[in-house]
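Starting off with a structure, shown below.
The first chain written gets the first letter, and so on, giving A, B, C and D; residue counts start at 1 in each chain.
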Amino acid sequence: MIIVMQQHAEPKHIEAVVRRVEEMGYKVHLSRGEARTIIGIIGADEHLLHQSAFEAMDGVEKTMRVMQPFRVASRDFTQQNTVIDVNGVQIGGHKVVVMAGPCSVESREMILETAHAVKEAGASILRGGAYKPRSSPYSFQGLGEEGLRYLAEAREQTGLPIITEVMTPEDIELVADYADILQVGARNTQNYALLKALGQQNKPVFLKRGMSSTIQELLMSAEYILSGGNMKVMVGERGIRTYETATRFTFDVNAIPVLKELTHLPVVADPAHGTGKWNLVTPIAKAAVAAGADAIMVEVHPDPANAWSDGPQSLTPERFAKMMQELRPVAEAVGRGL
Amino acid sequence: MIIVMQQHAEPKHIEAVVRRVEEMGYKVHLSRGEARTIIGIIGADEHLLHQSAFEAMDGVEKTMRVMQPFRVASRDFTQQNTVIDVNGVQIGGHKVVVMAGPCSVESREMILETAHAVKEAGASILRGGAYKPRSSPYSFQGLGEEGLRYLAEAREQTGLPIITEVMTPEDIELVADYADILQVGARNTQNYALLKALGQQNKPVFLKRGMSSTIQELLMSAEYILSGGNMKVMVGERGIRTYETATRFTFDVNAIPVLKELTHLPVVADPAHGTGKWNLVTPIAKAAVAAGADAIMVEVHPDPANAWSDGPQSLTPERFAKMMQELRPVAEAVGRGL
Amino acid sequence: MIIVMQQHAEPKHIEAVVRRVEEMGYKVHLSRGEARTIIGIIGADEHLLHQSAFEAMDGVEKTMRVMQPFRVASRDFTQQNTVIDVNGVQIGGHKVVVMAGPCSVESREMILETAHAVKEAGASILRGGAYKPRSSPYSFQGLGEEGLRYLAEAREQTGLPIITEVMTPEDIELVADYADILQVGARNTQNYALLKALGQQNKPVFLKRGMSSTIQELLMSAEYILSGGNMKVMVGERGIRTYETATRFTFDVNAIPVLKELTHLPVVADPAHGTGKWNLVTPIAKAAVAAGADAIMVEVHPDPANAWSDGPQSLTPERFAKMMQELRPVAEAVGRGL
Amino acid sequence: MIIVMQQHAEPKHIEAVVRRVEEMGYKVHLSRGEARTIIGIIGADEHLLHQSAFEAMDGVEKTMRVMQPFRVASRDFTQQNTVIDVNGVQIGGHKVVVMAGPCSVESREMILETAHAVKEAGASILRGGAYKPRSSPYSFQGLGEEGLRYLAEAREQTGLPIITEVMTPEDIELVADYADILQVGARNTQNYALLKALGQQNKPVFLKRGMSSTIQELLMSAEYILSGGNMKVMVGERGIRTYETATRFTFDVNAIPVLKELTHLPVVADPAHGTGKWNLVTPIAKAAVAAGADAIMVEVHPDPANAWSDGPQSLTPERFAKMMQELRPVAEAVGRGL
């Protein structure tokens, strides 16, 4: 961490900062310049230092981090890519993994029909929501445990592992009884009670970026789960909130190579939420794979016009099959398979 | 809701939309223009309609809401301002209420000292966090129930009602045993499991705007609590996330008069989080009161340089007393008291 | 355009709006609903209507556009893709065009060296700035006409057409004497005096999206040039400003398929400005091509560490050659050539 | 400037950076830490250093500025507030100055009528646009010199100095012949050709913040004018672009005290553009004054429903008179007059 003192900082203020740094057991690097005095703390465990503790001291103008504030999530922790095995499906390995299925599980029939369709088209993992975070209390909130049972039946019939969302710590045990991967949605990326509880269990977790999380904050949220002891975490880009209204969110494709550089965790792209429109899903899925994503998550519904949620961004099984065909050569063009 | 059909929408697609609207029991207003066909649904219960259900239908170009998607929170529900009485302190009434105290309760001594100081300077409610949402798992996470006990003792000594944050449904009962107002922080504005549980109990709730929530989403989150049966909800502006980095967040002062127009609920301003810097707290507090805020929440710490959290945006007791002196004439200038 | 009247709008206010619409020569579609009255104007020339003229009338709650506000730029104007021929290079055709060269022309030697290098690696167009918009008045502002002469010499030697920026109407004539394509930078996207002047001449124009322009505003700016009579316009995504600080800008990859849907104009992607870091240029260039971009513009400098501007986002000739190799299979995977 | 080297930066790369710093005539402060090596340059003329020049060097991870990149605009240049005298009206002095008038000059009658009305209500300066930057080429573009003549006549009749926008360098001479203050609009904040030309003449300039300019960029644009020799510059907050759609822009009230801290230049607030709605203008004007603005600019039109531009955000003369009454006590509450 670098601490920049104010232009006319008094000697006693500089000394107070130096003393505190030393009391914390760090070595001080002091640079007295013409215009400002700079105090550097350049230790390996900067993630334990709190910027604001120094910013509130008299005479301090600002502080700047030298290193990332996360540790276990970082490439410094391990250079080797984390590969998560889910019933034989490798996420983060050579092949780009496709997770597909409806936004919500609406009935036994629809999830079974969709599961068979996405399996046939080449998906490796089945998605479907049983607990739904909806912006309106008057909207369908999910089938709950009934939905989980239908998902489990779809897994039995197709062999596809299932991923589904969990919204609150008290639901984890139940959801983990059925699901192969637990998903944390964008509205819960900084729900720390939930993240801590997910660190205490051992099912893989897919952590989505919040709609206004920075990449650093996403990795700090991953750090909550990792530092709790659960190393099976994958992180995902699903669109961020910007001023642009032509799409529901702005898919931050830059985040994919940036995440691959900063972390060893697998990176998942969600072009459905990242655009909000089914006709943009395929081009953005291709872009995400071209940029280096390890997995793609898309929404498939047998009848989007009658979907109970997210219909406009859902592909029909036919359109999904076509997407898979178009995605394969792109994956190969970047040295991956599908 | 207005449904705009595509330029060359087929008659069968237009009919399908009309049929669905009628099946839902609504009256259709059909306008065939030169360039587009428009289908209007102009009923009083538009909040029950789901835009995306129509957007996914064939031939539909886009839909637009005519009315707000919230009902109980809206001015249409009641024109009269909601006034929440907390142990005799009226929030939403004539006087601007000031809530002050430390970010975190750090010890019995510090919260008692701060409580007496803010009471003396004119604060009406004592704030202090016992459960802290921190972006790093390595940061101080709050004293928990111990912190709640110290807050209760501070209330006993000063008579000030207390407000404190609750982060997860399972903590509500415990926190509500001690607190007079339950606070939902910006990271939990769309934690629907928490909001639903808060609708099922009867302590007043202060719901902060998420750092990227729209004003509409904030009121939809309030609707979760209100529609659950708890009408004692106040909403708050605490800064939104923008591209500007000179301040930690951008305090959206526009939101204050917009909220006063859209909702009957009291509106609270948090200039500490909205700026991130103690020297901006006073001017922004004045701006918020001038714009019509019903209450102000600020952070006060006896020794900000040694605060365990949010030191840079905390006022010392002396600076808080000065802020109160400067705020009073502004409150009076807009026809309020302090 | 749809005009939504306020809940209790008086009959005289509704009549006044109807009267004005009729006076303007449009047909009125009036829908009286339970909660609101809606007035529709659904003509083909909605781009001539001004929303704000109605929003300021008594009793009006809000207005909503049915159609896009641009006309010549839109797919409604022509379904056929515009292909711009620049000395035999087709922009907007089957092949993805690569424009490469230094941010600034720094000397005769460096531009000649770079021109030969990018030509050899497969670039089709040479870029280089002679007039530079710099955020600091103390930074290098470009070589001016001297730079243009060097660019022209590079064209003579390599046969590559040249693209360079023009910043003000009075420079157009001079710049157009040398350049094959005139570029409008992100800071001038809404410099209407410049756009009007560019519509009055006939060199092709590359119009970059402003760092906070919506896609619609970008096309409205293109409309200024097109409606002036110059149909040779290409539009470009170069990153937008968001809250994320890990990259200099957020490359809005969604904009590529959205633009291809809304307009017949060629779409160019600029991954150098869209990321600000050379190591992100190649993955984002691949993403842009996968998403459907017609051309890519990148910065190449023989010695980025000594570049006078934009060094951190510049590729060396070697890295550029490698990018070209990696880009080719991606272009082929989406049915294009390079 | 602080240069952070990569974790495993080679000695030769560290040496190369040190050598370059020394060659530039600066003193090097080298700190070798456990995890990183840090190179500090802490001279008084950091504004002459270019961050990107170092970021492109091998082994460099990132750079961070210690000081602001502007010089003449900064408080370091002079602690004393700049007061600009415009025909006897002091901008930046004790009194809050109110500039009012129509968005566009539409006719001789309307500008004369408005001028008398705003003068009577207490405005000190008359605003009105003759050259209008409009997002659509099909919208009214201003009366040009005819509009300037009407403004001059309004000044003669009322004694109010006039402020009007200039859009391109070639118009400056003409506009300056009529106007007392030249305004640079939000779309031209980084039109450097215009800024340079304004630095070469001596009429006062009101520079508005771009809709996505940072506060630092606004002051860098001011620096273009100041460093050209024209010290009569005032800067203005007029709303920034965010994800919130309830208002046209988000008025960044934080910018007011931040600007007052960073610069000695007068700070103007524009609540009309900052909100886009006339009913929000008065509360936000009060907020701006409470936060420390030196001047307020608002739009007044005798008949907003028939305004040719910006009707929805224009006050009628009656509403303007009421705003002035409400603003006065707020100005007094913060120790100013009106």
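The rule we apply is simple: a residue touches a chain if its C-beta (ideal position, glycine included) is under 8 Å from a C-beta of that chain, and two chains touch if they have at least 3 such contacts.
Here is each chain with its UniProt name: A, B, C, D = 3-deoxy-7-phosphoheptulonate synthase.
These numbers were taken from a predicted model, which means no experiment stands behind them.
By number of C-beta pairs in contact, A-B leads when A-B and A-D are compared. The most distant chain from subunit B, with centres taken as the mean of CA atoms, is C. A separation of 31 Å divides the Cα centre of subunit A from that of subunit C.
Once the centre of each chain is set as its mean CA position, subunit A and subunit B turn out to be 26 Å apart. In this assembly, the C-alpha centroid of subunit A lies 39 Å from the C-alpha centroid of subunit D. Among all residues of subunit D, those that touch two or more other chains are 212, 241-243, 245.
By the touch rule above, subunit D contacts subunit C in their complex via residues 47-48, 50, 52-53, 55-58, 69-70, 133-139, 141, 167-171, 187-188, 190-194, 196, 210-212, 217, 220-221, 223-224, 227-228, 241, 278, 304-307, 309-312, 314.
Residue ranges on subunit D touching subunit A, taken from their complex, read 2, 4, 7, 27, 29, 31-38, 40-44, 46, 64, 66-67, 76, 241-243, 245. By the touch criterion given at the top, residues 212, 214-216, 240, 242-247, 250-258, 261, 274-275, 279-280, 283-284, 286-292, 326, 329-330, 332-334 of subunit D touch subunit B in their complex.
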